[in-house]
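Below, chain A partners chain B and then partners chain C, in two separate complexes.
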Partner chain A sequence: MVNAYLVSLAATALVMAVLAMSAQLLVGLAGQPPLGQAAYLVVGAYTAATLATLTSLGPVQLLAASAVGAVAAAVTGLLAVRVRGTTFLMVTFGVGELVHAAAGQWAPGGSEGTHTPPVIALPGLAPMVRPGWVYLYVLACTLIIGAAVTVLTRTRFALLLRGIAAHEPRVQATGHHTSGLLLAAYTAAGAIAGAAGALLVAVTRYVSPADAAMGISAIALAAALIGSGSMIGACAAAILLVAVRDWAGGLLSGHGSTLLGLSFLALAYLPRHRLAGLLRLRDRGRT
Partner chain B sequence: MGLSGLVNPYTITALDGVAYGLLLFVIAAGLTLIFGVAGVFSMAHGTLYLAGAYLAWHLGDGGWAGLGLALAAAVLIGAVGGAGLAAAVRPLTERPLDQVLATLGVAYIAADQFSTVFGAEPRSVDPPRALAGSVSLGGYQYPVYRLGFVAVAALIVVLLIWLVERSRTGAIVRAVVADPDMAAATGLRTRTTRAAVLVGGGILAVTAGVLGAPVIGPAPGVDTTILVYSLIVCVVGGLGSIRGALLAALGVGQILTLGVALVPGAAAFVLAAAMLIALTIRHRPSLAGRPE
Partner chain C sequence: MSAPLLRLDTVSRAYGARRAVDEVSLDLHPGARHALIGPNGAGKSTLLHLIAGTLRPTSGRIHYAGHDIHRWPAHRRARAGIARTWQHPALARPLTVAQNVLLAVPGQHVAALRLRPRASAAALDALDQVGLAEHAQWPTSQLSYGDQRRLEVAVALAAQPRLLLLDEPSAGLATTEVTRLAELIRALPTDIAVLLVDHNLDFVTAVADTVTVLHHGQHLTTGTPSDVRTHPDVRRVYLAEADPTKHVPTTPGATDPPAAAPPVLRVRNLRAGHHGAPVLTGVTLNVRAGRVSAVVGRNGAGKTTLINTIAGLHPALSGTEIALNDRLMTGLSARRRCRAGIGLVPQGRRLFAGLTVAEHLALPRPHPGRPRTITARQILDLFPALGERRHHRPHQLSGGEQQMLALARALLAGPQVLLLDEPSEGLAPAIVGQLAAIITGLAATGSAVLLAEQNLALALDIAHDVAVLDRGTIALHAPTADLRADPTRLQDVLAVPTGSPR
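Moving on, here comes the complex of A and B:
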C-alpha cells in the first residue's frame, strides 16, 4: 500500500501545507485573499535550485529561499497593499501570473525547468535519495515553520492584522499605518512561500515555471479558506486537496482538475462559515 | 516618404498590437462591467473565450457558412454560459470570495473537459478562405483576416461604447455601477441588470473567441492567459470603466507585441509597473480605510 509514490505525494502535500499557511497569514489574519502565493514558491524554488550548484545543504537552501521569497514579496507587495478585498485577490492573481510568465523567460532552464541534485539535511549526512528520508526532512522543516508561524500568530502584530480584517479605519484611527502592516504581513507570507519552494525542490529535485501556475495558488487559497482562520485547518485542508487532485484524480484516470473544481464549488456553496462557527462554539464550551 | 516611410517592421508589429488590444478590449469590457455591476470577478471569463475559440475550430469549414454558424452558436453559448454564471453566483451575493471560488471551480471543470474532448495539443484555426490571403502593405505581407478583425473589432468597440455611454440600457448599467443602492431605490431592477451584464459579457467573450481564434488559437492554458491579460486591462483601466478599459487594452496590446519585439522578456515587468502606476494614482492613501 505504502509505496515510493505515496510517500513523495505525502511530501508534496506537506509543501502545499506550508504554502497554505502562507496564504492563511493573509486571508485568515488580515482578511485579504491572495491568489498569487505560488509566485513566491517558485522564486524560492529557483533560489534553492541556483544555490544547489554551490551547496546541497538543505537548511541553507531553505533560509536563502525564504529570504529571496520575502524580498520578492516586499517588492511586488507594493502593488497588492494598495487595494483590499476582491481587488486584492485580482491584483495578486495578476502579479502571480506575471511572475509565472517572467519565470518562463528569465529563469534558468526556461520553460523546460531545471533539475537539482538531492539535498543534504545536515552537514556530514548523505544526500537524501530515498523518498522516506526526504519525507522526514520535509516533515521536520514543516513543523519548524509551523511553530514559527504559530508564534507569529500570537504576537501583537497578528492582533493588528486581525484588526485590519475586522475594521481597518479603527486600526488607522489608533495611529497604525495599515498598508505598512499589510506589506509586512505580505513579506512574511512571501518568506513562508519561499521556504515552501525550497522544500518543493527537496522533494521533486526539479523546478519549472509550471510550479507558479494559478492552480497552485488556488489550492493554497482554498485550503486557507477551508481552514477558516486556523493554521492547522489550512494544513489539513491542503493535504486533503493534494490527495483529491493527485491520488483520487489518479484513480479516476487523471481527472484531478475536475475533482478540484468540484471541491472549489462545494467550498463555495457549503455553509462553511456556519460549520466553522460550530467548531468555535465547541472550543468555547471546552475552555 | 509617405506611406512607405511609415511602414517598417515595427509599425507592422504595432498593427498586430492593435488587433491584440482590440481583442483584449472586447473580452475585458465584459469582465470590467461584470465586476462594476455585479461585483463578481469571474474566473471563468477566459474559459468563455476558450469555448469560443474551440467553437471556431470545430465549426469552421473555411467558408462564410462555418463562421456564421460559429458566431450564431457563440451568441447562444455565451448567453447560456453567462446566465449559468449569473445563476451560480446569485446565492453567493455579498460573498465575493465564494463567487471567485465558484467561478474558479467552473473554470477548472471546463478546462478539464476541454482537454478531454479537444485534446491537449494546440489547435490552429484557419480564417474563412475569402480572408485567408495576405495583402501587401508598403512591401510587407499582412494577413487580410487580421485587418478584417481590426475593422470588425473597431465596430464592436464603437457599438459597445455607444451602448454603455449613450443608450438608456447603458445609463442603467452605469447607474448600478456608480451606486447600486440608490439605483435600486429609484426603481431600477439591479438584479436583472446584474444577470443581463453577465449574459452580455458572456456573449462578448465567446464571440471574441470565435473571431479571435485565428489570432490566438485554442489550446489548454489559453483561458488563464486571456483571463490574466483582460484582468490587467481591467485593473489598469479602472474597474467598471469602459473607456479606461479601451485605452488600457490598446496599451497592453502594444506591450505584448511591440514591447516584446523591442525588449524581449520585459513585458511582465512593464505590465506590473503599469498596474502599480494605475493603482498608485487611483487609490491614494487619502482615501483612508476602504480604498475601493
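Moving on, here comes the complex of A and C:
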C-alpha cells in the first residue's frame, strides 16, 4: 500500500507546507499577498545543491539555504515593500519570474537542472537513500521550522504586522516604520522559503529552474489563503493541494490540474472558518 | 514665555488649484489646550494631517521641539511625541481593545515574546482613563461607535505624547461622555500640548484656552473661546447666526400632519444581537408619512443596530416584524428592502472611495414599479454644493459635502422611508442647520424619516416625535412638543448611569 512513491510524495507535501508558512507570514499576518515565494525556494535549493559539493550534511545545507534565501528576500524585498495589496502581488510575481528566468540562464546545469548526492541527517550517519528516512528527516525539519514560526507569531512583531494588515496609518502613528517591519517580515519569509528549498533538494536530490515556476508560488499563496490566517491551516491546505495534484491526479491518469482547479473552487466556497474551527486552528488567528 | 513646542510657519497644502490650507501660522506652547474650529472644508483635518506627517505641506515650515519636521515621515514624528486620532475611528479591528492600545505603548521590544507587566499596566491605565478598562479583551469590531472613538483617545494617550492631536474627539459621543472627555483632556499633565478640531462649541469652550478659526484654509482669528464666539466674522461664517431663518426652517408641531395616518414603516418586537449578546430586546416603533421620528440614546444603546436591522444589513432575531406599507420585510435581503422603498444613509456616510460625485449620483435607480420621485437634476438643486464638485471623489470633499452626497444617493432611489444614522456627526453648526432644513423639507413633501441621532438638540429641533432607546427597548416615546415643554423627562431617561467605571 505505502510504496516509495507515496512516501516521497508525502515529503514533497511537507516542503510545500513550509513554503505555505512562508506565504502565510506575509498574507495572513501582514495582509500582503506574495506571488513569488518559489523564487526564494529555488534560491535555497541551488544554495543547498552548490553546498552539496562540499558537504552532504543536511542541517548545514538547510541553514545556508535559509540564510541565502533571507538575503535574496531582503534585497528584492526593497522593491516589494514599497507597494501594498494587489500591486504587492504583481511586484512579487515579477520578482519570481525574473528569478525563474535567471535560474534557467545562469544556475548550474542551466534549464536541465542539477543533481545532488543524498544528504546526511547528522554527522556519522549514512547518506539517506531510502524515502522513509528522507521523509522522517524532512518531517523533523518541518516541525522545527513550524515551532520557530509559531514562536514568531506570538511576538510583538507579529502583533505589529497584524496591525499593519488592519490599519497601516494607525501603526505609523504609533511610531513604527511600517515598511521596515514589512521588509523584516519579507526577509523572514524568504528565510523560510529558502529552508523549504534545502528540504526539496533533500527529497528529490535534484533542482531545476522549473521549481521557481509561478504555479509553485500560486499553490503556496492559495494554501495560505485557504488556511485563513492560521499557520496550521496553511500547512494542512498545502498538503491537501499536493495530494490532490500529484496523488489523486496520478490515479486519474494526469488530470492533476483539473483536480487542482476544482479543489481551489471547492475550498473557496466551503465555509473555511468552520473547517478551521474543526481543526482548532483559530485560537490565535483572526478573531 | 517658554519656546513654543510646535510652530507652524506659513504652512500651505494645495490639492491642484484648491488650497486646503493657506499660509497658516500657529504657535503651541507646552500645556496649551488649543482648538481649531471652522466650517466643513476649512482645512482643519488637513492641518492635523500636516502636523502628524500623513500629508506633507506644499510650502512652509513646521517646527517641533526645536526641529524642522516638515519632511519627517509620520512614524518619526510619532516617536518624537506627536500622537493623533482620526476623524473616523482608525483602529485595527481584528485585534482586541487591549492589543490596539499595546500597539502604541512605547518601550517594548519588537522581538518580545512576553508582554512586560509595565506595558500591560500602561495599556490598562490608558483604557481606564477613557472608561474602557472593562472591555479590554473585547474584539474592537464589537465596540459601539462611541466606544471606538474613546478607544482612539486611549491609543493616543498610551503613546505618552508631548503633543496630542485630536480630530473631532466629541463626535458620536453622548453628552455625559463629552463632559467626561473634557475633564480628561483638562486633567492631562501640563507638559502635554493638545490641539483639537471639534464642532461642539460647548465642548471646545470647556476644554480650550485658545481657539483658532479657519475659513477656506485661511486663518481667520485666534483668541479665547468667548472672544471667538462673539467675533462678528466667526458668527457669519461658522455659526450662520446672521440668518436665523436659514437655521431653524420650520417649527414642527405647528404644521403637524395628522398622527393618525397609517404608518409607512411598522416595526414590531424587533430583536437583534451581536455574537449572541442581545442588544435590542423588543423594539416597537411606527414611522408615518410626512413625519420625522427620532431615536436617541446613549452610545451602545443600539441605535445603529436598530437602523441596520430595519435596512436588512444586520440579522434580526426570531419574532421580529418589520413591515413597509403592510408588506412584510422581515427575511428580505437589504437589496430587496431598498427596492421596496427603504432608504439608508449610514453612519460614517460609506461613500464609494473611487467614484466621483457624478458617478455616485448615476448609481441609484428607483424600482420601475414606483414613480420616480426625484431626478439627479432636482438633487443638485437641493444640494447646490454638490453641483460644483461633480468630478471630485469623496476624499476631496469636506465632511458636510460628504454627508450631503450620502443623503443625495439615498434620495435618488426614491425611498418611502428614509433611515438616517447620525447625519449631523462631524458637521459644523451652519451645515447642521442646512441639513435640518433639508430633512424637514423632505418630511414636508411626504417622506417618512427615521433619524438616529446623538445630537439631542438637532433631534428636538426637527423631529415630530422622539423615542429614547435604553436597555434594548424604547424607554420613552413622546411627541417632541411634550418633551420640549418638560425637558426633565428626557434627561431622566438619558442620564441613567452607564455602568462603566467611575
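By definition in this document, the second predicted complex is superposed on the first by the 264 of 287 C-alpha atoms of A that agree within 3 Å, B and C clash if a C-alpha of one lies under 4 Å from a C-alpha of the other, contacts with A are read in each partner's own complex, and residues count from 1 in each chain.
We adopt the following convention: a residue touches a chain if its C-beta (ideal position, glycine included) is under 8 Å from a C-beta of that chain, and two chains touch if they have at least 3 such contacts.
Quantities reported herein were computed from a predicted structural model and do not represent experimental measurements.
Peer 1: What does the overlay on chain A give for chain B and chain C, a clash or a fit?
Peer 2: Superposition result for chain B and chain C: clash.
Peer 1: In the overlay, answer first, second, both or neither for which of chain B and chain C A:Pro169 touches.
Peer 2: After superposing on A, A:Pro169 lies in contact with both chain B and chain C.
Peer 1: For A:Leu160, is the partner it touches chain B (first), chain C (second), both, or none of the two (neither)?
Peer 2: In the superposition, A:Leu160 contacts chain C only.
Peer 1: In the superposed arrangement, which partner chain does A:Glu97 touch: chain B (first), chain C (second), both, or neither?
Peer 2: Only chain B is touched by A:Glu97; chain C is not.
Peer 1: Touch test for A:Gly261: chain B only (first), chain C only (second), both, or neither?
Peer 2: Only chain B is touched by A:Gly261; chain C is not.
Peer 1: Looking at chain A, which partner touches more of its residues: chain C or chain B?
Peer 2: When the residues of chain A touched by each partner are counted, B comes out ahead.
Peer 1: Per the contact definition in the header, classify A:Val151: touching chain B only (first), chain C only (second), both, or neither.
Peer 2: second
Peer 1: In the superposed arrangement, which partner chain does A:Arg130 touch: chain B (first), chain C (second), both, or neither?
Peer 2: A:Arg130: touches no partner chain.
Peer 1: Using the superposition on chain A as set up above, list the residues of chain A that contact both chain B and chain C.
Peer 2: Dual-contact residues (chain A): 169, 172.
Peer 1: Going by the contact rule at the top, pick out the chain A residues touching chain C in the complex.
Peer 2: 151, 154-157, 159-160, 162-163, 165-167, 169-178, 181, 286-287
Peer 1: Note which residues of chain C are touching chain A in the complex, please.
Peer 2: So the residues of chain C in touch with chain A come to 52, 54, 73-76, 78-79, 83-84, 86, 90-96, 99-100, 102-104, 106, 108-113, 139, 155, 159.
Peer 1: For the complex, which residues does chain B have touching chain A?
Peer 2: Residues 35, 39, 41, 91-92, 95-102, 104-113, 116, 224, 228, 231-232, 234-235, 239, 264-265, 267-269, 271-272, 275-276, 279-280, 283, 285, 288-292 of chain B touch chain A in their complex.
Peer 1: Spell out the part of chain A that touches chain B in their complex, as residue ranges.
Peer 2: Those residues of chain A that touch chain B are 33, 35, 76, 78-79, 82-87, 89-91, 93-95, 97-99, 101-102, 105-106, 168-169, 172, 179, 213-215, 218, 222, 225, 255, 257-258, 260-265, 267-269.
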